[in-house]
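Order of writing sets the labels: A, B and C. Residues in every chain begin at 1.
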Amino acid sequence: MSTTTRTLDVALSTPTLGSDGTIRHVPLTADARGTLMPIDMAPGSEPDMGSERMLINIGPQHPATHGVLRLVLELDGETVIRCVPHVGYLHCGFEKIGEYRQYNQIIPWTDREDYLNSMGNNIAYALSAERLFGIEITPRCTVLRVIAMELSRIISHLVWLGTTAIDMGAFTPFLWTFQERETVYNLWESWVGARLTTSASRIGGMAADLPPGWIDGLKGFLRSLPKTLDETDRMLTRNGIWVGRTVGIGVMSAAEAINYGLSGPLLRAAGVAYDVRKDVPYLDYETYDWDIAVGTKGDVYDRYLVRMEEMRQSVRIIEQAIARLPDGPINVDDPRVILPPKRKATSEMESMIHHFKLVMEGPRPPVGECYVATESPKGEKGYYLVSDGTSKPVRWRIRPPAFVNLSAISKMAEGHLLSDVIVINASIDIVMGEIDR
Amino acid sequence: MGLTPATSPSSVTYDPPSQDGWVTTRLEFLVNWARANSLWPMPFGTACCAIEFMATAASRFDLARFGMERMSFSPRQADVLICAGRVPFKLAPVIRRIYQQMPQPKWVISMGACASTGGMFDNYAVVQGIDTIIPVDVYVPGCPPRPEALIYGIMMLQEKVKQQRSIANQQQYDEMTIDPTSKLYIPPSRIDELSEPFGNSVHQTRSAP
Amino acid sequence: MSVVLPGAALPQSTPDPVTPRHVPHHGGEANPSVDGLRVQFGPAIGRHDVMWGETTVWVDVTRIREVMLWLRDDPEQQYDYLVDVTAVEHRDLDLPLEMVWHVRSLPYRRFLRLKATLDKNAALEVASIEPVYKAANWLEREVFDMFGVHFTGHSDLRRILMWETYAEGHPLRKDFPLRGRFSRSEQLSQALAANPEARYSMEELSVADAFHELPADMRARLAASVRTGET
């Protein structure tokens, strides 16, 4: 009895592994009784089965996107063909508001954009504004700002470490890193009064000088942090699951990384030794004895190693800074920008007027513009300020490192599996507050 | 009132406590106690408050002692939506959809100044309080609120949950529709006019001195 | 894999960079690339300024892509890193809109700011430098979203921070009020009406199956490549 075969033109196939290891779809036919059987095909030919790709949406509310990020993935099975990120779900008009605030009033906003690195942002903004005003800060302020920025880098990397580990299923480092952060929160709180959103810097200085005993608290933290880092290192660095999930994932070569404008640990892991602290120094970073961590392959594992090493180098910098912290005033003695001491403002007429003008009107810089870049834990963070001589900037532009870094995720995620997308996203260390501003 | 219940008048209305049976009251107490002590949060964390929320869940402040360590990122399995952080207009339909996806009984904690009132972001991009989109049970002020403050807010919510007359009266879960014909109804545009900022805050919107 | 070192094109005897101190408001040494630009592009390069240690060069807006290509590829310049693309609108509304590009040369350790003016009475159009630097992709989308500047030759020019059908305008323009043009209730209604998952670009929907599932009007719009989100 001859069987009549007909090819069904709906995508009816069975997946099978071809000789080169890729998934091939073998089309099926049905004979007259409806039994399915594969059509024999010439090796190497692939039937046009129509697209079997799925378009799936991750976010904007999702536990593993580190904020309100929406990723639209085109998947072929588990493999990502294309990844399109959508941002803007946390756009709060920072740059617009900056045009309606005095230069000192902008400082609380700098806390809230990259909220994991608030002290770093405060200081980066103060550096930019001080350049615009033409002010040189005091030596004590310079060293103290280095301490604050490095501490801020450490706690930002601790969050990164905890959340990346949790994304890959390692729950415990999250608790360790957040416990270390609590020590630093205590330090911030005793110094400026706030745990997270510090608003610690002012144009020309800092909000307050250190309380007594602060340095001892800091030294205690510097003794306990390396132990936590070692513990986490022992748990993760040579862990088969960790290595298997991170090595070779999300690779960016050096040339690509530069062209995509990546900065920070992503760029350094790709093998480009660009660190703003070394190449465009500020706050006397060139006078400290420390190294940059540079990776070789540009994958997620290298980024992890770079960030771990950065934390240790930050400890080194802070120890040197503590040793050289000079006494002296913390604020520059410039009545155009710094408020007079309270007892003078309440007793002397001149100080009272000067206090009044600074609070009501705000300090006014000369006409001009400047861009000062700093190395935030995410990358090159710069503030571009344009002034027209009034007390509010014409333009306050935040150069967001995480924004530019995230735009490369489509390049990084192509060809990887769905679960790798989560790992790659975690390795970029995004903070939506900074990306969306 | 400007609100009318969505159910028909013939359904069960509120029973005064004296008419509740002993078994019903005990059962209600048990159910409320169980709910209050195992509120599974859905952390709708957007910004800095989310970091303080994570710190609250971590070892020092430990939400697990409230039964809340199981973060439910799927709204279908959550009891309380904790909106931690500022909500811009682009995110507004998302939070509303998440709230609608949560099954009853559900509560909402608005954590932080931005979620409660828009906070420092009185501009074109930010929703001036999530209570304009979803009903809120507890507001926790702060920018960001300390973990102790959030825990205080959670404990307030637990008190509220324990006082719910959940078994006897199903009507409280029905979402009421607005009656535009009522005398007390104020149209949204009029609310906008009435709530224009006054006092010093007007000067915050001047671009240059 | 060898490490790329910044400053590799500088002579070995060049001292390492130091923290700048007492930077003058005006004056100081201009970036040597300015001379190179003048030689290469002549009249397309306008004046230059040295302010607070940074050099700003004014460029003819119609030649910006050539200038960027040359700056990136010329062996004496090698500006391989795009730092930022943004725009500035001044409070004096008669002044034109300024486009600002920040580029950095890692091999020569130089930083340059390029500026071009856009007449506000004409269409705000600039050539996209996305073909030169991939970093410009999102940065230009943001300038489009916030200022309304069209970048010709951009692969995917859509709004990025606001939702694509945002109707109030371009927020960072000076004639856009801080609280937006519509009332709060209207803003809320418009925001809630936007379906957060409905907006896919043509790029995302090149998958044939998904395209057929879209509503007919969206299909027609996408097929005609009508850009959404503009005012």
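In this text, a contact is a pair of C-beta atoms (placed from the backbone, for glycine too) under 8 Å apart; a residue touches a chain by one contact, two chains touch by 3 or more.
Note that the structure is predicted; figures quoted are calculated from it, not measured.
K.L.:
If each chain is a dot and touching chains are joined, what shape do you get: line, ring, star, complete or other?
P.N.:
complete
K.L.:
Contact counts by the stated rule: is the higher one at A-C or B-C?
P.N.:
Spelling it out, more C-beta pairs touch across A-C than across the other pair.
K.L.:
For which chain is the distance between its Cα centroid and the global protein Cα centroid smallest?
P.N.:
Given all protein C-alpha atoms shown, the central chain works out to be A.
K.L.:
Using mean C-alpha positions as chain centres, tell me how far chain A is from chain B in Å, no decimals.
P.N.:
Computed value for the inter-centroid distance: 31 Å.
K.L.:
Taking the mean of the C-alpha atoms as each chain's centre, how many Å separate chain A from chain C?
P.N.:
Their C-alpha centroids are separated by 21 Å.
K.L.:
If you average the Cα atoms of chain B and of chain C to get two centres, how far apart are those centres in Å?
P.N.:
Inter-chain centre distance comes to 40 Å.
K.L.:
Could you list the positions in chain A whose residues touch two or more of the other chains?
P.N.:
60, 88, 91, 93, 96-97, 100, 388, 390, 436
K.L.:
Note the residues in chain B that touch 2 or more other chains, in rising order.
P.N.:
Touching at least two other chains: 90-91, 94, 123-125, 205, 207-208.
K.L.:
Mind pulling the chain C residues that touch 2 or more other chains?
P.N.:
Within chain C, the residues that touch at least two other chains are 91, 161-163, 171, 176, 178, 196.
K.L.:
Going by the contact rule at the top, pick out the chain C residues touching chain B in the complex.
P.N.:
Touch residues, chain C against chain B: 91, 161-163, 168, 171, 174, 176-181, 183-188, 190-196.
K.L.:
In the complex of these two chains, what residues of chain B are touching chain C?
P.N.:
Answer in residue numbers: 89-94, 96-97, 122-125, 127-128, 132-133, 188-189, 191-192, 195, 205, 207-208.
K.L.:
In the complex of these two chains, what residues of chain A are touching chain B?
P.N.:
Those residues of chain A that touch chain B are 60-63, 67-68, 88-93, 96-97, 99-101, 108-109, 111-112, 115-116, 159, 174-175, 178-179, 181-182, 185, 195-197, 361-362, 388, 390-392, 432-433, 436.
K.L.:
Which part of chain C faces chain A closely enough to touch in the complex?
P.N.:
Interface residues on the chain C side: 1-7, 16-19, 21-23, 25, 51-52, 54, 56, 80-84, 86, 88-91, 100, 102, 106, 109, 111, 113, 133-139, 142, 146, 159-163, 171-172, 176, 178, 196-197, 199-201, 203-205, 207-210.
K.L.:
Would you mind writing out the residues of chain A in touch with chain C in their complex?
P.N.:
50-51, 53, 55, 57, 60, 70, 72, 74, 82, 84, 86-88, 91, 93, 95-97, 100, 131-132, 134, 136, 254, 256, 258-262, 271-274, 278-286, 294, 296-297, 366, 368-371, 373, 380, 382, 384, 386, 388, 390, 394-395, 397, 399, 403-404, 406-408, 411, 436-437
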